[in-house]
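Input: structures, listed below.
Below, chain A partners chain B and then partners chain C, in two separate complexes.
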Partner chain A sequence: MAKVVTKSAREPMFHVAKRDDLPWWQAWGIRVITILISFLLVGLLCVVVTGQSFGESFEMMYSGVFGRLFQGHTTMLWKYLQEIAILLSLALALTPAFKMKFWNCGAEGQALMGGLASIICMIELGDKLSYPVLLAVIAVTSIIAGAIWGVIPAIFKAFFNTNETLFTLMMNYIATQIIAYYVYIKGGGSNVINPVEAGNFPSVAGNDYFVNIVVVTVITVLMYIYLKYSKQGYEIAVVGESQNTARYIGVNVKKVIIRTMIISGALCGVTGMLLVAGKDHSININSVGGQGFTAILMSWLGQFNPFIMVIMTAIVVFLRLGVAKVADTALLNSSFSEIMVGIVILMLVGCEFFIHYTIKFKQKKGVVA
Partner chain B sequence: MAKQPAIELKNITKVFGKVVANKDINLTAYRGEILSILGENGSGKTTLMNMISGIYFPDAGQIFIDEQEAVIASPKDAFAYKIGMIHQHFKLVDVFTATENIVLGLNDGKYNLKASTARIKAISEQYGFDLDPEKKIYTMSVSEKQTVEIIKVLYRGADILILDEPTAVLTPQETDKLFQILRRMRDDGKCIIIITHKLHEVLSLSDRVAVLRKGEYVGTVNTAETSESELTEMMVGKKISLNIQRDDPIDPKDRLMVKGITCVDRMGATVLDDISFTARSGEILGIAGIAGSGQRELLESIAGLQHLSAGEVLYQDPKTGEIENLRDKTPMQVRNMGVRLSFVPEDRLGMGLVGNMDIVDNMMLRSYSKGHSAFLERKAPKNLANQIIDDLEVVTPSAATPVRRLSGGNVQKVLVGREISASPTVLMVAYPVRGLDINSSYMIYNLLNEQKAKGVAVVFVGEDLDVLIELCDRIMVIGSGKITGMVDGRTATKEEIGLLMTKNTNEKEENHG
Partner chain C sequence: MKKLIALVLCLVMVASLAVGCGTGVTNTDTDSNVKVGFIFLHDEQSTYDKNFMDAAKAACEQMGVGYAQKTQIPESKDCYDAAVELIEVDGCNVIFADSFGHESFLIDAAKKYPDVQFCHATGTQAHTAGVKNFHNAFASIYEGRYLAGVAAGLKLNEMIEAKEITADKAKMGYVGAFTFAEVMSGYTSFYLGAKSVCPTVTMDVKFTGSWYDEQKEKEAAQALIAGGCVLISQHADSMGAPTACETAGVPNVSYNGSTVAACPNTFIVSSRIDWTPYFKYMIQCVEEGKEIDTDWTGTIETGSVVLTDINEKAAAKDTAKKLDEVKAKLLDGSINVFDTANFTVKGEKLTSYKADVDTDAAFEKDTEAIENGVFYESKHRSAPYFDAEIDGINLLDRNYG
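Presenting the complex of A and B:
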């Protein structure tokens, strides 16, 4: 005789069920609502921590990002766009690798190596080459440096099937230590290299960041075309979805892995160059400042689509700068801004659950006599 | 003696997203009977059984066991109700012995392997199982592994047994043996539910047949009072002719000559051992064998996906008569040589297609690299996609739908359509109708016959011996990577092929003994 189990105790309260694919506008509706809720939450937390009113907090955030834009001061706006450009260019660099399901966690190191190449050129060749030649040399060496840092884990992955996540992470530490060593030598024992005059990007119409922004805009468009319309982009997608299918149609998987990581590393190298030659004119171990990791999330949240990534990075950089201003005024340190950015990203990732799944609650059943 | 209901389902419904997997199912299974659940793939058989065994929870409806309402929210609950399910894919620990696997997870307070072994032996004797409890799983054949799974649920005291497609991996001889055991269990008063889509098995084994169609319950009939055609009609919803056409080959010429190929896998095991055969134009060559006997490796070797340690794959060009060696060439090189070799692999979404890509992009897989441009040309693939959708009646919202969202039959139509569109001279297909409904299956048989009539050398790896015998001109049987026989499809019998399938393994065991 079977054991009699009481019904109410055994039936689960709710169960999770996979939903059918939502129409795109519903999925985006969920995402937009999530962004709004997360902004409200951030505002609320600012109120709790700083004691300002809700409106004041957002006013502060706005001024932290755009400054006195409507009074004709565009400095802050350019700074905002510049910050977007750096984060976006890292996200773009990671995207081909991610689309291939090669988890490149080494944007940080690859960008640092690109930056290192730039600063070496600026210091060592700054007075030896004419300005245009110097810029060209900076560009080429940064690209090569980033590509080398990217291709090493790819070669090991392709031929020995090593784990690329760990490998690229470890390469970050090596890069950081190399930078620390270089700064130690060039900084004469201090932790800083004084800004270098030679080899800086030109300012256009009095704007130092113009070149950076243009370069990243061009990369955004090119990346979109590369991934969607080129044969190489198609191969990347096939290898990422199924290496068996790639083999079946005769794609050389090793070659695609190596080629794609050269591109990914090279673009990280470009970011390093933008940071050093276009922004800081110097380098230290925190030059990339963890953005190589934030970029991973940007690439994912952008669903590997460069144009969606623009929106995602714009939101995240807005929060980072805006909340930093709030924190600054309230004498909090920069961690507060990082915590807020973390909360918003977490909510954005979390909302994907509700896009793909639905929760069904326990239903009432008619009793059959 | 009045029949005593073991399990009753009332208005069971289960929905996944928009898909209604089961709708208002009412079903009763009695003690001392074998009930077949018959239905095409996707008709909801497995979902229904998963609800009885506690893997899914029904969205609506009730289950009664021994005329008491039961709530089965987990496999543990099912076990408490003495329900045992034997899945299609075995869930055993390879490095453990049969006994260890059987007692694994049983929490009855004591761990006494000797006593357990004795009990397993007693169960084996009672029902006529042939099993050495001390044998390790990885040394076992598929049929032995299945025996372990069955004894596992019996050991736990199950008296309602559910078997999901138990004969899919068995030879005809092994199937007969399993059926004898199942009959013995029935006579012992157990309730046996067997899920299947093979009609002749249903007719020879079960007492009653319950038919499902598209998630709905069609009806139950007594096996003694029904026929193959009536069951098909219940299953498909309309009358259907079950004969496969087979014309005589026209002017067969040697097209593909495989000579002594040997292939060693990564672990160092020989998966193909000195295989030689010839595929001729205008002919369907069947390949039969127990699953995993080297069928996959053989086709992949010909397609240039396996490294061969010996032998040659020779191809004779139908126009020039030139002979080319395809050994150690990649699929891309083979194609560039002008060899029109099409291959429908066993793993459709994992190898033949990319599930997340739409139909157009999947059409491009074979052709994207054509031309010198760095960019893709999507116009021709798009036309091809639309043409295949029309010609093969692919059910899809559009050509821009990811193929993973299509049903199994439609996925296969897309894949076969693409491979045929390359107007091949050799067409290799592996298990092309696995998981397909009857209509789609016959469409695939017809497509293969069309290719045969066009003078294509067709190589067909199949698992259903009835189909192989009806469709193929010649049938090559392989066992453990070796050719064990070549028979004429027009005269061969199932039993003959079945014996050839196990020939190698039997010999090996004798040699070891």
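Presenting the complex of A and C:
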């Protein structure tokens, strides 16, 4: 029954309420407008900081991402797609775990271990195996290495209920130190492993990143199907919603946790392989470069939907490369790019809040609330 | 109303993107046919990169050429991609990269763009790679370290005279990045410089395992001071060690540039490589269509090895005068930094030393570096290769990365 509010000193100025689901087009309208406003804001900040005009700032951003595409130079575009592919593949790897509410913060370490497996194969087996066999061995070992690094915290979580966030984070440090040690052994004190010729992914039509991009495209589609249409995908969703419900309907929760983390770790391992065999042909502790953490945000912003993640990673990578160009051209500090990406991500996270919640302001007294 | 604003914003976005299509970026409009592209590992927050960035700006302005830069480029294929961007988007025809690990990726780019010149600091592969448009450069910074070491030795002498310490307590501390030739050559020459004026000096060395880690460098300096070191120097790129010295009131011989602003009471002097002469040489060669040296070594004479102003407040009296004397002797060749008469290894004089000069996977010690009783550093290639552990220097730990 409605109550007449007379006078209450305690009533707050506003309160937050969960709102009913918006129609999809309204929700997407809010997102698109947020993206546009955030780009506008980034553009304005570029203008303020660099003293260029608005148009020049975006021109610079464009050239930092696409280069001189219309003059027939496609290298930069491929680089852009490659950067998207790596970040996306890490986000995809994290998604099944996140959907299960298993907070895998260890993409960095799992990818490094996959990369380590690749570089070991390239160095030790490069002259012993034929090229196709070598590639197959690289793929299998990288997947296994990543999966092992992912499944260890999962086993502890499933059987001892350890905190997976801390566990996976700690595993990152161990992976980093293992890489540092390996670089020391193979780098001979110079701290650098020179690129290895054997076991590199082939370049297609003069393009080194083609294979990486194709692999990630395939993973994107498969992940979508796996999560949406497979029985395992459904089990993941149920375990994520409520472990008790899952048990009630006969899902073996331990098994699902372990299986899902094997998949998550294995896909991180694949990313490590893409970075080592498909890009650097070498490894160091910065090979993944913190993208394992950005990927967490990408997975969330993509609402665990692989295709939305494509859009989100494309936006974030565009900003990262584009604003870096603005900063470099204006001889600015490179943190500028990170700040801009941070602003946009914050705004995107903020807009999700307004899609799911509404703010109700205090109404005038005497009005039926 | 809101929708209208949103629509306008959309249009602005689209319009600005359309404007952006396909124009290159130039920093300066000049007559020169040269445009230099610089690839830096970090940005100006690292003293190492700042030293390169300042020189890049100075050289390009003096020569009147345009330049573009990419900062925060890791030692990976990203270096290759950055070079491609600088060439294709910014139209650069000389590319320079400043970090050791950039080298192999830069060589790949050099193979792809044979008409563009590629120059690389601190690298080792140019003299064996056989890529005509790829060049290495470094400087005989050991001479600068030696001079800085002389300034340190004079300070120790002053402390001994003032009875602050006894001669046998004259122990210096050194914060190094990694246990390899570039750092080892640096601290050994620093030590030999100090020893040339203060014969009883000894030195402890600690490694951080990172070129740039302010906290670790600070902690290493503090540990050295706690261990009885009365003067600190460093070969790492942050302000960690200098500020630790200022807090503790311990004199500091710095590197890469003056830290006097942050450390007015303890900064003595700093040695550094000035890259401006090399950049100007590189630009001039391209302008005139001449070959750039495959392996260029800057010296005191070329103006590449320099000392900053001496901080009279912390330095010993007459340091400047003495340094000028020693500098003259280095220039005329009457002093050789690594003269085997001045140091021993495990109690014995070195008569032969094989150094790893040519890059190979097995790190073969391939070249005899000692001639006529002198270890000739930076002669067989520009990047340092002195990595003997001499008596008097005590390595407290090792860190190979």
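Note that in this section the second predicted complex is superposed on the first by the 352 of 369 C-alpha atoms of A that agree within 3 Å, B and C clash if a C-alpha of one lies under 4 Å from a C-alpha of the other, contacts with A are read in each partner's own complex, and residues count from 1 in each chain.
Everything that follows uses one rule, which is that a residue touches a chain if its C-beta (ideal position, glycine included) is under 8 Å from a C-beta of that chain, and two chains touch if they have at least 3 such contacts.
What you are looking at is a predicted structure, and each value in this text was computed from that prediction instead of being measured.
Q: Quick check on the superposed pair: does A:Phe54 touch chain B, chain C, both, or neither? Answer first, second, both or neither.
A: second
Q: Would you check which partner chain A:Arg247 touches, where first means chain B only, second means chain C only, and both and neither mean what they say?
A: First partner only, chain B.
Q: Quick check on the superposed pair: does A:Lys18 touch chain B, chain C, both, or neither? Answer first, second, both or neither.
A: Touch status of A:Lys18: first partner only.
Q: Which one hits more chain A residues, chain B or chain C?
A: After superposing on chain A, more of chain A is contacted by C.
Q: Looking at the overlay, what does A:Tyr234 touch: chain B (first), chain C (second), both, or neither?
A: A:Tyr234 contacts chain B only, not chain C.
Q: Classify the contacts of A:Gly342 with the two partner chains as first (chain B alone), second (chain C alone), both, or neither.
A: neither
Q: In the complex, go through chain B and note every residue touching chain A.
A: The contact residues of chain B facing chain A are 10, 15-19, 57, 59-60, 62, 65-66, 68-71, 73, 77, 80-82, 303-305, 330-335, 343, 345, 347, 349-357, 361, 364-366, 368-369, 373-376, 405.
Q: Which chain C residues qualify as touching chain A in the complex?
A: Residues 6, 9-10, 12-13, 15-17, 19-25, 27, 42-45, 57, 68-72, 74-77, 81, 84-85, 88-89, 100-101, 103-105, 108, 178-181, 209, 359, 361, 363, 400-401 of chain C touch chain A in their complex.
Q: Which residues of chain A touch chain B in the complex?
A: 1-5, 7, 10-12, 15, 17-21, 229-232, 234, 237-238, 241-242, 244-245, 247-252, 360, 363, 365, 368
Q: Given the complex with chain C, which residues does chain A contribute to the contact?
A: Touching chain C from chain A are residues 33, 36-37, 39-40, 43, 54-55, 57-64, 67-71, 73, 75-76, 79, 180, 183-184, 187-192, 194-195, 208, 279-282, 284, 286-287, 289, 324-325, 327-329, 331, 333-335.
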